[in-house]
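Chain lettering (A, B, C and D) follows the sequence in which the chains are written, and residue indices restart at 1 in each chain.
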Amino acid sequence: MSTKPHHAKAARGSAAPGSSAASGPNPEAGGAPALRGGRFTGGLDALMAEINASIGFDRRLYAQDIAASKAHCAMLARQGIISGEDGDAILEGLDKILREIESGAFAFETALEDIHMNIEARLTDLIGEAGGKLHTARSRNDQVVTDLKLWVRDALDTLDGEIKELQAALIDAAERHAGTVMPGFTHLQCAQPVTFGHHLLAYVEMAGRDRGRIIDCRTRLNESPLGAAALGGTSFAIDRDDTAKALGFDRPAANSIDAVSDRDFVIEFLGLAAIAAVHLSRLAEEFVLWSSAQFGFVTLSDAFTTGSSIMPQKRNPDAAELVRAKTGRIFGALIAVLTVMKGLPLAYGKDMQEDKEPVFDAADTLSLCIRAITGMVKDMEVHEDAMGAAAAKDFATATDLADWLVREAGLSFRKAHGAVGRLVKLAEDKGVDLAGLGLDEMRDIEPKIDQRALEVLTVERAVESRTSFGGTAPDNVRRAAKEARGRFL
Amino acid sequence: MSTKPHHAKAARGSAAPGSSAASGPNPEAGGAPALRGGRFTGGLDALMAEINASIGFDRRLYAQDIAASKAHCAMLARQGIISGEDGDAILEGLDKILREIESGAFAFETALEDIHMNIEARLTDLIGEAGGKLHTARSRNDQVVTDLKLWVRDALDTLDGEIKELQAALIDAAERHAGTVMPGFTHLQCAQPVTFGHHLLAYVEMAGRDRGRIIDCRTRLNESPLGAAALGGTSFAIDRDDTAKALGFDRPAANSIDAVSDRDFVIEFLGLAAIAAVHLSRLAEEFVLWSSAQFGFVTLSDAFTTGSSIMPQKRNPDAAELVRAKTGRIFGALIAVLTVMKGLPLAYGKDMQEDKEPVFDAADTLSLCIRAITGMVKDMEVHEDAMGAAAAKDFATATDLADWLVREAGLSFRKAHGAVGRLVKLAEDKGVDLAGLGLDEMRDIEPKIDQRALEVLTVERAVESRTSFGGTAPDNVRRAAKEARGRFL
Amino acid sequence: MSTKPHHAKAARGSAAPGSSAASGPNPEAGGAPALRGGRFTGGLDALMAEINASIGFDRRLYAQDIAASKAHCAMLARQGIISGEDGDAILEGLDKILREIESGAFAFETALEDIHMNIEARLTDLIGEAGGKLHTARSRNDQVVTDLKLWVRDALDTLDGEIKELQAALIDAAERHAGTVMPGFTHLQCAQPVTFGHHLLAYVEMAGRDRGRIIDCRTRLNESPLGAAALGGTSFAIDRDDTAKALGFDRPAANSIDAVSDRDFVIEFLGLAAIAAVHLSRLAEEFVLWSSAQFGFVTLSDAFTTGSSIMPQKRNPDAAELVRAKTGRIFGALIAVLTVMKGLPLAYGKDMQEDKEPVFDAADTLSLCIRAITGMVKDMEVHEDAMGAAAAKDFATATDLADWLVREAGLSFRKAHGAVGRLVKLAEDKGVDLAGLGLDEMRDIEPKIDQRALEVLTVERAVESRTSFGGTAPDNVRRAAKEARGRFL
Amino acid sequence: MSTKPHHAKAARGSAAPGSSAASGPNPEAGGAPALRGGRFTGGLDALMAEINASIGFDRRLYAQDIAASKAHCAMLARQGIISGEDGDAILEGLDKILREIESGAFAFETALEDIHMNIEARLTDLIGEAGGKLHTARSRNDQVVTDLKLWVRDALDTLDGEIKELQAALIDAAERHAGTVMPGFTHLQCAQPVTFGHHLLAYVEMAGRDRGRIIDCRTRLNESPLGAAALGGTSFAIDRDDTAKALGFDRPAANSIDAVSDRDFVIEFLGLAAIAAVHLSRLAEEFVLWSSAQFGFVTLSDAFTTGSSIMPQKRNPDAAELVRAKTGRIFGALIAVLTVMKGLPLAYGKDMQEDKEPVFDAADTLSLCIRAITGMVKDMEVHEDAMGAAAAKDFATATDLADWLVREAGLSFRKAHGAVGRLVKLAEDKGVDLAGLGLDEMRDIEPKIDQRALEVLTVERAVESRTSFGGTAPDNVRRAAKEARGRFL
């Protein structure tokens, strides 16, 4: 016994069963009335259209969808699964659709649900029944993942180029500032003097790892799902190597169920985007700090700040703040797709439609943030005097004196540091810096100190002395910038 | 010494300093050329417009922005801060703008950055210099948070109504199915028989807590930030109680710095949306399971499923899958705003502009999911026979026999359960269910079993017996449904 | 046909079927050998013990578990479901177990899986067969959620008290610093002078909302699940009102399936903890900034900083940094439980065991962070001169001059701001602040300026003038502190 | 002027300034009294010890810390920075400490804060003043990141091996079930028959990508931070290539500021762990579904299930549920560290101490889940009959008939599918499956159908026909399993 619901919706427009059954080009079809089998007697709820249709966002896949369809069609013809004439007609039709979309002439229809059906329906409009042969030996399940892989691959390439631009800007600035002394902070307290060029090169390394992750993600995703069909492959004699090659994939994916169920590449992309966003957020935070009145290290250009009509000194670092904040939406996109995929049984589920918007938004956001930070780096005005003055305060070279005692006077590290600790305390009590103590006063505390020791107390000497590989000495930084140029640009 | 960047952007259009200084109506102005002080000689980078402008999404605040401006204007006039004539002109102008926007005639300009400046600029177009008086004693900082609070408050009210509709649908179905027996699952294994009505009422309770959180969030956010100005309040003799009352707030926010820095209400909203989404995702998961061939408990209506032109039996539960999946984007929105706000120093920072899109998207998404689930509940066709048959398997009433032994035969719980365990093992070895054992066989294991015990072994008796408050007995369920109707509808 | 796995584990110790079947006190038992029914012929994999046992963390529920068992036992006896003698023996046994645990004498056993079975097994050791009657008319499913609700309720109460302490420390400091002028920042740029007391009271408001969320969460969770049994209620004549009252619940939960499936209270708790952590992270960030050499507004005490043996000026704000960072683990805990609950079909699933560690960790972390921040607030040394000097720079009172022109000279807001913009530009070009311009120079730009206008240019006057409700004027702040004391302490 | 706090803590034990200054071996020392410079006159708050000390969890780094110290010491001696005798003494001391820790004899002290200081303090106990020379030319900043990189590298290697074991178990099962037919699900609706072996190989591919991500992460992290010192490198003539090589790193990290500020490897590790956890959660979900009474495809072994003393048929899939749920804590760990690192200025901040617990927990959790799933795969009992029966229902071979019409009868795809749609509708109306229709009935709908077409309607033929690369045909699966064995094992 079955209980019909009491609250069933009143008359909904019912599609003519016969014709709709006949017109469904896609076995895993969908909700658009035209695509529903004859057994459906109720129409789609308006709500269903709202929740189900993806054409509002997946139209961004149009170029990838057409490219994949062309590769599929050419292969079908080559394998004799469709005739050469049909193949040619389909290819011409697809080219025409591409031009229509790019010229803005294409009329997207929500009733056709998604980009795939919009294009296929238009193809049949254009070339007649041959259009219905394009979908032979494939399914929307393999089609959509192929499209999205192609899109993500393009996005990775674009981002790689943009990060490279950022590296170029950073290396240029690092070379200009290889000798610019600034405070090196730990815990936002001045620890030791470093050079600004050295600081900037730290971001070049981060960006380099970002690019490494991009390449790894690209390599790993570059297996073609096309031909996996609904989930189990097909009985048509398709050539998956052929379509893979035509679309620039390294090989066909080895397992058809995995091919349609896999969204690893989306999550891996969002994961690398999240790390890259963290890097940008750190530099953005530094721009906010550095451009505050309290730091005064950097003035951001008009192009990336907003002002105030009555406080002209005010240069709000809006772009830097937004770069910092937009990290959140990329984290959110990552969590969104992780949540979608958790615990999803194989193979395709409609849940996976929720993969696209996070990817699109994260790619757009990251690109924007990279370009904005690159602009800020290129445009920033650096206040070297303020940086240098800040570096010279706070006994920033105390470590250097201790190291001198170890190196030149043979003290153990522990003893050297104890002695310097007492010297700094003395200086602080007297209200002077270390160089302000008399040599005699210093010798009262540690007799091995001599005139040469005083030379290590300047910030210039301090940075010059740090010549260990990867260290902050200006010559090191120049070498490192050149090396980075070779490695990354 | 300052080093000018080598890569400074070439000539950007510079705004005429005098006029732009004069034209800036807003001290915390912003990046639109017209709003930037005279000291800015470079124009805005195109990138800056892309990253900085919010009009693309904050136009959704138009009604709230106009309402808040009207309340502010009326108060300014009442307090004599602006003249009555100016006040009237502003109010008329704002009403006209509202009509323009709602009719689609309003031309939003990205160069004016956000909804606030778009409206204020149009106001000055319409009424001349008096338009410039509206912004007296306020700032965009208090303006934007007032607008967003009003928007969230409206969203909460809408969602509350939609969840109430869902509760109504669930209670209706629960009453229809107060006596429909189904397997009660734990670990997705059949544990004890329950009634389907009872199961549905569990969701009514969840929805009730969701509504409780909505009310609490609404109450907590309902303090007016208006009049906090940039961050410190104002020297104008404003009446914050007046504007608070006019906008339906319970009182003005007590601290002006907090008022402009606070986005608790956004996070609290996203948190309650995440919990509500979890509830919907659980019912969606159940719809997916129940409508599988393996369960066969429910058929979802045509309105919320998609089909296949060649497999007419296939009714893909797309809407349920999407409700389940969209939980991810709400989690993502929550993480996005939490990330934005973490570690942000007071008071307003541009980072906070990233609060709106997650809120808008989460509110839209949750509303859509609630309405879709409500539709599915209303439309579902319940297969009572399949439910009942599944409930009768798997020794689902073994607990009842044990409880009988405790209650009627005086065994300790531990002994009773031990005995039933042996009985079930015997039945399983013989390939029968408990009722299939002979009374003698049963007495061999536990002599206190008599004829009456056998009666508790039917699923109907099992559910009828669970009359403890909140239990699954059909009469309980009918009472509970009625009580829920009174409590929630 | 069934295919036995080729790789089945070799001999595992098999529990004696008869005895184990007899000894299982819990129908929804579990994996501990003693608890598994006779049908299990293989022992538990070591891995299973590792993944399944929860005693390592759920022992923290011991007091709640005993309290709930006592309430259940007393009710069973009162209802005549167990005898008075048995009831007394159980109550005495439970009290003894409580003392054993609190004295450290209790031997927790992993083989008994969880806190519930550890206690029940010990009870039977102590009082014999009567111990087996305690579990009548309940299940671990309602037991564990009852325990956890009680634990979370206690945690909420503790946190409420700790946040109240923080508010007290903030209000004390706000009163001391009601007149201490500091820069009011927006975008980390100085915008207008405010008072430090006013700034601190912003955090009192945030903390007040945190406490409001705590109370709301406590109220909402305060329904007793006890008596829901496995999922469907029970046929024993229990009195759920009685146990609810005994445990301080407001009422029994209305639906037994919901009662055992619900973890809303966990997520709601983690959500409010996340918001509270955001608040603490903002103050922590400010402590890090303020205690930097660049700001120099505050010195944190020795008690909350770490130093360096050679750089004695260095006072690393470790505690503040850790408070800021620990926000991450609370966000993580929130995401963890949201992820667990998403898409989980009713009723109890073992997934829910993953609710406890995030709750315990988040509660501990938040408590620690609140107490650390409270200590920092109490101990901080405030450098009023540095704050005041920073506030006086950067034309921070330009808004005040503009407001004067509107208020006293009748200019429109727009005109006033334009004039001040030009004045500031002039001052900046001359390298002076606004007060450094001559009255004649000012009148050249705006003739309505007179001697009185110059008085508004001091930071003291600026803060004093902001007397609007919630504004930063010292008298306002004193009033607000007093009011907050009444409202919160 | 400075205002001392009114609520300063009363007398705290003050360390003797002279001795403590002298005894501080570490310039970036820390909070342990012995390590604080002479300028600290207050002791540490108990709270500070609670929030600051990491020895409770970072003791897990002991082996890595000692290995890195040994490499550093050997290099110092080789470079003549310390004497050979001192070097030998240090190496012996470190070996002794390693033995002490591994034997359980080592007394960890919270007062010494972390694993680094615990070991260094013990070293000085053991060998006297030479112990103080170990820390020459390094800092805790480079030390801790070196240790953690080594730990993560070990964890990656362990996990790689464990995933390989899982792949082996899956491939074994896939070979056994290359011909076992089951329903292939999309949307949890039966779409087409597939083989169980094919389904299992999908997970082998996922696991293969997980291992690829492990290798990439390992390669990218494998740069040595040692020698970056506090942040800027050192003036001692260290050889970073030497220590890098000794510790198995590929090269020293190129930039010292980046080296101490970088936690990319932690996030990348957590990101790949999250994806791997998603894969496990999907199989876990399938185990829960498959082992339900409704599916009945698989029986999980006693080793990974829990039972019930009275419902012996009940085999709760606890381990599978926990694997599914533990995904949440790995997502949480990922979000935790992303949150920590967002917006953190360079170089080291104490925030980064929050990197370790999430890594440790995620690594432990993932390892446990992999091993549990591997055990379930090895032990599962597969019900081939139930799988096959389910696959034969629901017109699962309708696609095959349509494909036959395209391939053999020359129909266009669209026409073929339309015809089959009408056939299925007819069959459904008659209550039979497609094979139950008479040939005449079929020809009424589509005249080109002949006897041969009926052969494609069996599930066996359907799976056999899908021979496209990656498809589900049994011979394909056998080949694919063999190929996977070569590629992965």
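By definition in this document, a contact is a pair of C-beta atoms (placed from the backbone, for glycine too) under 8 Å apart; a residue touches a chain by one contact, two chains touch by 3 or more.
What you see is a predicted model; the values in this text were computed from it and never measured.
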item: Contact-richer chain pair [A-D vs A-B]; value: A-D
item: Numbering shared by both copies at the subunit D-subunit B contact, with half separating same from different; value: same
item: Whole-Å gap separating subunit A and subunit B, where each centre is the average of the chain's CA atoms; value: 29
item: Centroid spacing, where centroids are CA-atom means, of subunit B and subunit D in whole angstrom; value: 32
item: For subunit A paired with subunit D, centre-to-centre distance based on mean C-alpha positions, whole Å; value: 22
item: Subunit A: positions in contact with at least two other chains; value: 21, 23-25, 27-28, 37-39, 186-188, 191, 289, 309-314, 316-318, 321, 324, 327-328, 331, 334-335, 338-339, 342-343, 349-350, 398-399, 402, 417-418, 421, 425, 428
item: Residue ranges of subunit C touching subunit B (in the complex, touch as defined); value: 18, 21-25, 27-28, 37-39, 129-130, 132-133, 135-137, 141, 184-188, 191-194, 198-199, 201-206, 209, 212-213, 216, 220, 227-238, 240-241, 252-259, 261-262, 264, 267-268, 271-272, 274-275, 277-278, 281-282, 284-286, 289, 324, 327-328, 331, 334-335, 338-339, 341-350, 398-400, 402-403, 406-407, 412-415, 417-418, 421-422, 424-425, 428, 463, 465-473, 476, 480, 483-484
item: Complex interface listing, subunit B residues touching subunit D; value: 183, 186-191, 288-289, 291-295, 309-318, 321, 335, 338-339, 342-343, 390, 393-396, 398-399, 402, 417-418, 420-421, 424-425, 428
item: Residue ranges of subunit B in contact with subunit A within the complex; value: 1-9, 12, 20-21, 23-31, 35-45, 47-48, 50-52, 169, 172-173, 176-177, 180, 299, 301-314, 316-319, 321-329, 331-340, 349-354, 357-358, 368-369, 371-372, 375, 378-385
